[in-house]
Amino acid sequence: MNHALVVEGLTLRTKKQTLVENVCFELKRGECVALVGGSGSGKSLTALAIMQLLPQGVYPVSGDIRLESRSLFDLSERQMQHIRGERIGMIFQEPMSALNPVVCVGEQVAEVLRIHKAIPKAEIKARVISLFDEVALPEPHERYGWYPHQLSGGQKQRVMIAMALACEPDVLIADEPTTALDVTVQAQVLALLEKIKRTRKLSILFITHDMAVVSQIADHVVVMQKGHVVEQEAVDVLFRDPTHPYTRQLLYDASGRMIKRSVHEQKAPTVLSVEALRVYFEKRGMLWGMKREVTKAVDGIDLTLCRGETLALVGESGSGKSTVAKALLALVPFQGEIYLGSTRISGMGERAFKPFRKRIQMIFQDPFASLDPRMRIGDILKEGMESLGVGPRDKEAQYAYLQELLRQVELPESYLERYAHEFSGGERQRIGIARALALKPEVIICDEPTSALDVSVRSQILALLKRIQEETGVAYLFITHDLALVPSIADEVAVMCRGKIVEQGRVKRVMYYPSHSYTRTLLAAVPKLPDFIYGKEDI
Amino acid sequence: MSLHLLLTDILLWSLMIGGMAWGVYMRKAKAGLEAWRDIFRSPVAMVSAVILLFYLAFALLDSVHFKVNDPHRSDSGSVISLLDMAMQHRRTFSERTYSAPFATQEYTRSVVVDKKGVTHQSFLPLKHVSPEGFWQKSMWGMGVGIALALLLIFLHRRWLRGGHERGEPLPWRSAYMTFAILTVLFSWLYVMSFSFHVLGTDKVGGDLFYASLKSIRTGMLIGTLTTLVTLPLALVLGVSAGYFRGWVDDLIQYLYTTLSSIPGVLLIAAGVLTMQVMMDQHPDWFATTVERADIRLLFLVVILGVTSWTGLCRMLRAETLRISQMDYVTAAKAFGVNSWQIMWRHIVPNLTHIILISIVLDFSGLVLAEAVLSYVGVGVDPTMYSWGNMINQARLEMARDPMVWWSLFSAFIFMFVLVLAANLFSDRVQHVLDPRNVS
Amino acid sequence: MFIYILRRILYAVPILIGVNLITFMLFFMVNSPDDMARVQLGAKQVTPQMIEAWKVERGYDKPLFYNAEASGVEKVTKTLFVQESSKLFRFDFGRSDANRDIKEDIKARMGPSLAIALPTFLIALVTNISLALLLVLFRGTVLDTTAMVIAVMIMSVSGLFYIIAGQVLFSKIWHWVPISGYAEGWEGIRFIILPVLIGVFSGLGSGVRWYRSIFLEQINQDYVRTARAKGLSEVRVLFSHVLKNGMLPILTGVVVIIPSLFMGSLIMESFFGIPGLGSYTIDAIHAQDFAIVKAMVFLGSVLYIVGLILTDISYTLFDPRVKL
Amino acid sequence: MRIVRAVNHYIVWCLFLSFAYGGLWNMPYEKGESATNTLFSTFSVAPKHLDPVRSYSANEWAIIGQIYEPPLQYNYVDRPYRLEPLTLMRMPEVTYLDENGTLCDENSTRVAYSRYHLQLRPDIRYQDHPAFVKHSDGTLYYGKLQPSLLSSISSVWDLPKRASREVRAEDYAYAIKRMAVRAYHSPVLDTMRPYIVGLDSFSKQISQIAQIKHQAHRPLDLRAYTIEGVKVTGKRSLEITIHGKYPQFLYWLAMNFFAPIPWEADLFYQQEGLRAKNISLDTSPVGSGPYYLALSDPNRKMILKRNRHFHTEYYPGMEKTELNRLPFIDRVVYTLEKESIPMWNKFLQGYYDASGISSEAFDQAVEIGSSGSMGLSDTMKRKGIRMIGSVEPSIFYMAFNMEDPVVGGYSESAKKLRQAISIVQDQEEYISIFMNERGVAAQGPIPPGIFGYVLGEAGTNRVVYDWVNGKRVRKSLAYAKRLLAEAGYPDGIDPQTKKRLKLYYDTTATGPDDRALMDWRRKQFAKLGIDLVIRATDYNRFQDKVRRGKVQIFSWGWNADYPDPENFLFLLYGGNAVVDTGGAGINSSNYKNPVFDRLFEEVKSMENTPQRAKKIVRMVHIAQEDAPWVWGVYPKSLVLVHHWFTQVLPHAMANNTLKYKCIDPKERVAKQQMWNQPVYLPLLIIGGAILLLGWWLYKLYEKRQRRTIRERR
């Protein structure tokens, strides 16, 4: 038998609808198959169906899944318990929540061995430590007794991998294992998986939405859309010659080339400049008068933003980039100087600052948290206008103004009367943009506006932002963790690391001739599509 | 006869009107309406709601009081409610002592001297029952009930057809069934109550059916009005603590930790006794026993409210802490919206589910608490009809041999049905409104 | 840790002062020292001389909060409030107005209260958790729904009914246990069986529902899916993962009340004639024995605060993420 | 699953083990306890004070009456109540003295003092007690308890050594001296001050000394002080001199206030360490009576045991043989029973030897015979239960405040209003509904069994009743209405307000149980068209209002201190009116009739002669006419006793009756076994059901484990 796992005509339903229909693919021994698709394409459900861990109410109605030659669907629940963990290992997207927070990681790995293998107690710990060693967890002896919250995201994912590999399974299912990780960590985890695949002759089913990751790890690609497999092919064939339009779209979006930037040659006037901005958070002392702990979230940064330009602020999680945004809006106490145009706005009281608020606005990362679920879209848009006295006062004109706003962000005017929860993430993000635009600001701070969105939606939003900038001449401070995005959106880039800016300059220079080692590490870690994709003209 | 609304009447009615106004407002707000429809999509919730409404109807009926001005009437000067008027036959004519449900004679023997001058113990016949024609009366009573139920159901269907039915149909069938059963049962009991003591009589011959019906108002008032006190306190303090933090938070936390660290029963007992002293010092405040009992009930409600807001306050504070971290609040801050407006516009509306859940959850707890408080001696006025008072009396009656079971039974059934309905309903409300249950 | 506890204890001081303030205000709004003297001296023929002598002896001749006759700081310190509460803070409960040593009384009554409250608490905890786990194991089945309906029904009955019915059934008709009373040692088991059973049963409905919802919340967590993916059987998933994590929210609700178990249950104790602390306080309120009332309220508050501190400490034991 | 089943097994076994050895499952006592010569009784309120100087309530006296011995006691058998010597050789001899202290005739107007000569019996000895253990120099052995010893004891019986001693006259004097100390809060001090010569000044002096000693933490030894009127004239003889003539003083000598207190005990208990352990005379009495307190846990249980030093005393009227020597019972266990229901049920199960009858249990227990007499029901008779009933020397009444502008006053119209109200209060119905016939409608202030009570037609209150065919018949409602009209309120309408007359009734009835009673009250007034407003308050507030005369109508009651009419009539004596005496008086209706008051002064110190009877009848008539009270009810006490409990006679005045009673434990054990066999079947059914359920669940889980995903749909 050459096939480790075969999925045949798998159809999954709830009582009301079909979620996955007639999915077929094969996983050869020692091969990595990538299951690719946008959110809601059914790729995760397929993986869960293999493990028979489907959420309640979702059932396979037809099809079969075979592990080697055994049909998994013919196994009883008790028999399945011997397949899970022993023959098929699985790792999940969120390493934080996927590990039991109150059990030390060593024990969690040991548990797999304990239930599946008759190994003497004394040996188990040794086995776990050697596993930790294999997944390159530093100091495995010590880490055994650590709890998940003491480990970093990457280390947690390594623990998950160790857990999945503990019983030397034939198949490893990895459900978006790197999505929640920073790029540098992602690169390491991918490398680890690659290595294990080679050394153990492991078959991997790799589920992801990221084409770039696919190109790095997979041998074979299965593309899913809305519960159907639309295309499956060996990876180099698929990338060279995608047949299905959805695959093409995926590749197109991933290449991130759709936005062309006109290069500003002459220096535009500065709208926002920041000098020596510091934000320190103090933890309250244990007892009155005792020493206080100080966290330096932002530790002295300088930024300049010119009219009509975009400055990308890039950094990994925890680098303090979101805190910069909050400081600029005077939502956290800070030290240092901030000039809006020529006015010094730092050190102003709330009352004095209020007139300037309309000139600097913000777009948020999470489209679900940024809109009040109890308010109508119209009221959401109006809130800032009324508070800051922007826009027409009389009702009719105001209504027309709001309609115009929606048109600007390419949404139907009828949305004004509706509530935020009725909309998709992309639509919500547009509403968020409209809310900021309503005040006709000079600067908009975009705090990771696309990271919570699907790839295809992401490019639409970016295009919209671009168009608005061209129309209105607004300046963006674009905060992101995704370096790959930078060339297509920004004129200037600043790389942030632990509260400090390590490198700053025009995009081209920084991206192609990085001077700081951190920037170089970041750039190297970004997964890349095969070069020929970039080489091709419009598809 | 002139309208003479008691304080609690006014409060209950204004609460009703407020509730209805809120309902009308909610009809406009689509999101809220959808949630409500979702609640009623469960037949259990529908049935519970009908039962609750039935109880509420009695409470409201019993909350329209009139003063009897006619000096020729025997009860001149007293304050009676619509329910009292409907139950006039059972309010004024009472027996001497215990009698079983549907009995025709007293439950205990009494000493009688017959014409010959011989003393013996015998069961005296009841004064106010007419046992003849049991079946005809039953048929008539049930017939009226069925007719009434059908008529109202028919009218409701018409109204629904008239375009008021929107979206997915609700389980009206269960509602109709419940309604019909309740109507028939009650109309039968009502008709029979003219000829019998359908649930028996208590120690002094008072009709227990009447007592049970009167108790509904007490239970409902304690369950609903307490929230009137709890809510503003918990809301204002909880939201300010969560939003402003710092010393405001410290102060409010201090306040509720202090209050909640005092054992609850003691606090309530002390509060009730204090209020009694106050009432004793001002006997001129109340013209009648009814008013006096009413004020005492109101005070009890206030004290229960003051002692029970801490739990809700803590929850609201935590939720406010969470919400004020949300991006939409940040956005509002970036718009320079002032704190009060943020609280009113963004925070309070997003707390409604917690408030609603806690209201419906507290309701049944409060109804049950009333009984226990009466046992401790700090409950409602002893002259007031309440299940707590009934249970307490019944406790002693259970020791009789043979047992006088019916007053415990009446209180048990009336209370159990209400609390069960409330619990089932609150279950559903919690299920639908609690965001944690979405998955 | 040590500093944390120290800080919490310091924070407790203003709370306890507040508690005392409320106690004093409420009590003396209702009762005057004269009334208290009359109650203690008996109803028959109490003369003013007797009342005066009693008040001086017990210290109730001082003004409550402000002594206008004293000078300087003594205007505040020479008052009933300051004198009596400072004694409380030293845990010197003094003698009751009926002239018994309160500390001795509390010691003597604590045993019976605990004899009822502790078994009730423990048995209820174990039963509720195991039943809840059982229902979570069979979640979504008919068993689950039936049990939930029964639980709501159990919740909907006033506790008084259970006590009355229990006494009639188990004691009067079936002669299983004594109707009421209390004895120390193993002999006493007979007496506590019924109150404990009733206590457990009346809390069964709400308890099982609460624990069930906690476990259900846990069972939808990612780590449970991980555990299943490891090949754990459902029972093992419940016991080794869900139960452990569910303990955290359970702890918040449960540990707070552990110290308060000392305070006993008023209703149970008076129905079953158990000489515990629950009836002690209410009796004292009715007998207007302020010395006992203030001592018990103070003790209750202290125990509550201890409960809060214990909750935090237990978190550090059960949740590795929490460090004090 | 296995765990659940194991737990089930465990519980079942625990049940069996804990019961199996104890015989009856529901036995509330230790095994074998009921086979001993022990009486099982109850108390409903924890006794607060067992110190005889302080104790003044029936529940406390029920216990200390068995422990302490005042000089006199009531004869157990004789009726009407008669005093007889208890620790005295004979009844006290009284001599009368004039102002100068010379003897004079009893009936002389010069009588200024009466002197009582008490001669003690030689065989009275105290119970064994550590306080009596002495060093050779006469100081107390346990006079200075060391902290190490203190920490190891929880009651006086933990001290190893005990001794006894003879009761001497000085001990009686010592008791009176203790009474004088203010800090001991004796309730009778202020009553006795005007009588006992020198008590007043002694009290002031000794109270100050006591305070000084208390502040210095020094014990107060009263032996060093003497009261002028209390003279120890010998080892066993004592003279008490009182002002004027006060024949009721003999009754006081039968009360525990005058029981001997040994100075050893007083000093012993003044130790700080013992006080802190709640060991004091208040909790651990030292007496010479038939029993001593072996266990004092007022929150749970009190145990009395036979005092082996008890003097020789025989059952009255019986042969003086060892067989009839008191006491008969070796041990008494009092258990706290706050609730009437458990207490009644335990009585029926045979676990208590006697019980009162609560109104709930009345139907079950009592049947009214064809003659109108009360008898036991058949079920009770079959159980061998006997009923013992007697009318108590007490009265419950409803009083009008005579100072009130509406119901008070002595005008004809006010009188008629009160009379009308009196007529419509249907006491017979009240007795029937609320007292289960356990009472007699009162005709005047003096209850049956007290000198001055008149039976039959002559004793009928003519204001409220008619005498028809040899029976009392309440006057008609029509008559009452006529009276009301004559009083100026036709049909109950107040001519001033043109509305129904509104009267206020104050009560402490705040519990839910009282609702029925209040309804009934209102109904009575409604008959006349009067609106009765109930003002329910707590007892404090109520008392306070009564004391300040801020009430209109209220209910109260009175228990006799001693069986003399003076003890009832003084409730209506004008000099005792509460508003005039600043609340100290006892006449809470503030009734003041000059004729009545004059007669009272005369009657007060008379012997029970026909003249006295005549005067009392006149007083009663005056009061009936004025109707300051609605003469309520003389309550009857009914006690049920099991047939193994014998020689039980009702006695309203005596407290030390336990020594006369008798128990047959063998019979008791036999009946307890018969009545309390547990019913096993439900236990088996419940256990079976639980096991079945467990098994079913296990099967269910197994089935699920064997299922494939295809079958799961």
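Every chain is named by a letter (A, B, C and D) in the order it is written, and numbering of its residues begins at 1.
Throughout what follows, a residue touches a chain if its C-beta (ideal position, glycine included) is under 8 Å from a C-beta of that chain, and two chains touch if they have at least 3 such contacts.
In this text the structure is predicted, and so the values were computed from the model without any measurement.
Enquirer: If you tally contacting C-beta pairs, which pair wins, A-D or B-C?
Expert: B-C
Enquirer: Between subunit A and subunit D, tell me the centre distance in angstrom, where each centre is the average of that chain's C-alpha atoms.
Expert: Once rounded, the distance between the two centres reads 83 Å.
Enquirer: Cα centroid separation between subunit B and subunit C, in whole Å?
Expert: Here subunit B and subunit C have centroids separated by 28 Å.
Enquirer: How many angstrom lie between the centres of subunit B and subunit D, each centre taken as the mean Cα position?
Expert: For subunit B versus subunit D, the centre distance works out to 43 Å.
Enquirer: When the centre of a chain is set as the mean of its C-alpha atoms, what distance in Å lies between subunit A and subunit B?
Expert: One centre to the other, that is 52 Å.
Enquirer: Mind pulling the subunit B residues that touch 2 or more other chains?
Expert: 273, 276-277, 377, 395, 398, in rising order.
Enquirer: Please output the residue numbers of subunit D that touch at least 2 other chains, ranges allowed.
Expert: As it turns out, subunit D has residues touching two or more other chains at 341, 345, 538, 704-705.
Enquirer: Would you please write down the residue numbers of subunit A that are in contact with two or more other chains?
Expert: 78
Enquirer: Determine the shape of the graph in which chains are vertices and touching pairs are edges (line, ring, star, complete, other).
Expert: The chain contacts form a complete graph, every chain touching every other.
Enquirer: Show which residues of subunit D lie in contact with subunit C when the two form their complex.
Expert: The touching residues are 1, 3-4, 7, 15, 18-19, 22, 24-28, 30, 48-49, 56-57, 182-183, 185, 187, 189-191, 207, 275-278, 282-283, 297, 299-300, 335-339, 341-342, 345-346, 349, 351, 538-540, 543-544, 582-584, 586, 676-679, 682-683, 697, 700-701, 704-705.
Enquirer: Please name which positions on subunit D make contact with subunit B in the complex.
Expert: Touch residues, subunit D against subunit B: 340-341, 344-345, 358, 360-361, 363-364, 367-372, 429, 432-433, 437, 493, 498-500, 502, 504, 509-520, 522, 526, 529, 531, 533-538, 541, 545.
Enquirer: With touch defined as at the start, can you tell me which subunit A residues reach subunit D in the complex?
Expert: 52, 59-61, 72-78, 80
Enquirer: Under the touch definition given earlier, write down the residues of subunit C that touch subunit A in their complex.
Expert: It is residues 3-4, 6-7, 140, 221-223, 225-233, 236, 240-241, 244-245, 248, 318-321 of subunit C that touch subunit A.
Enquirer: Taking the touch rule as given, give the residues of subunit B at its contact with subunit A in the complex, in rising order.
Expert: 29-31, 326-328, 330-337, 341, 345-346, 349-350, 352
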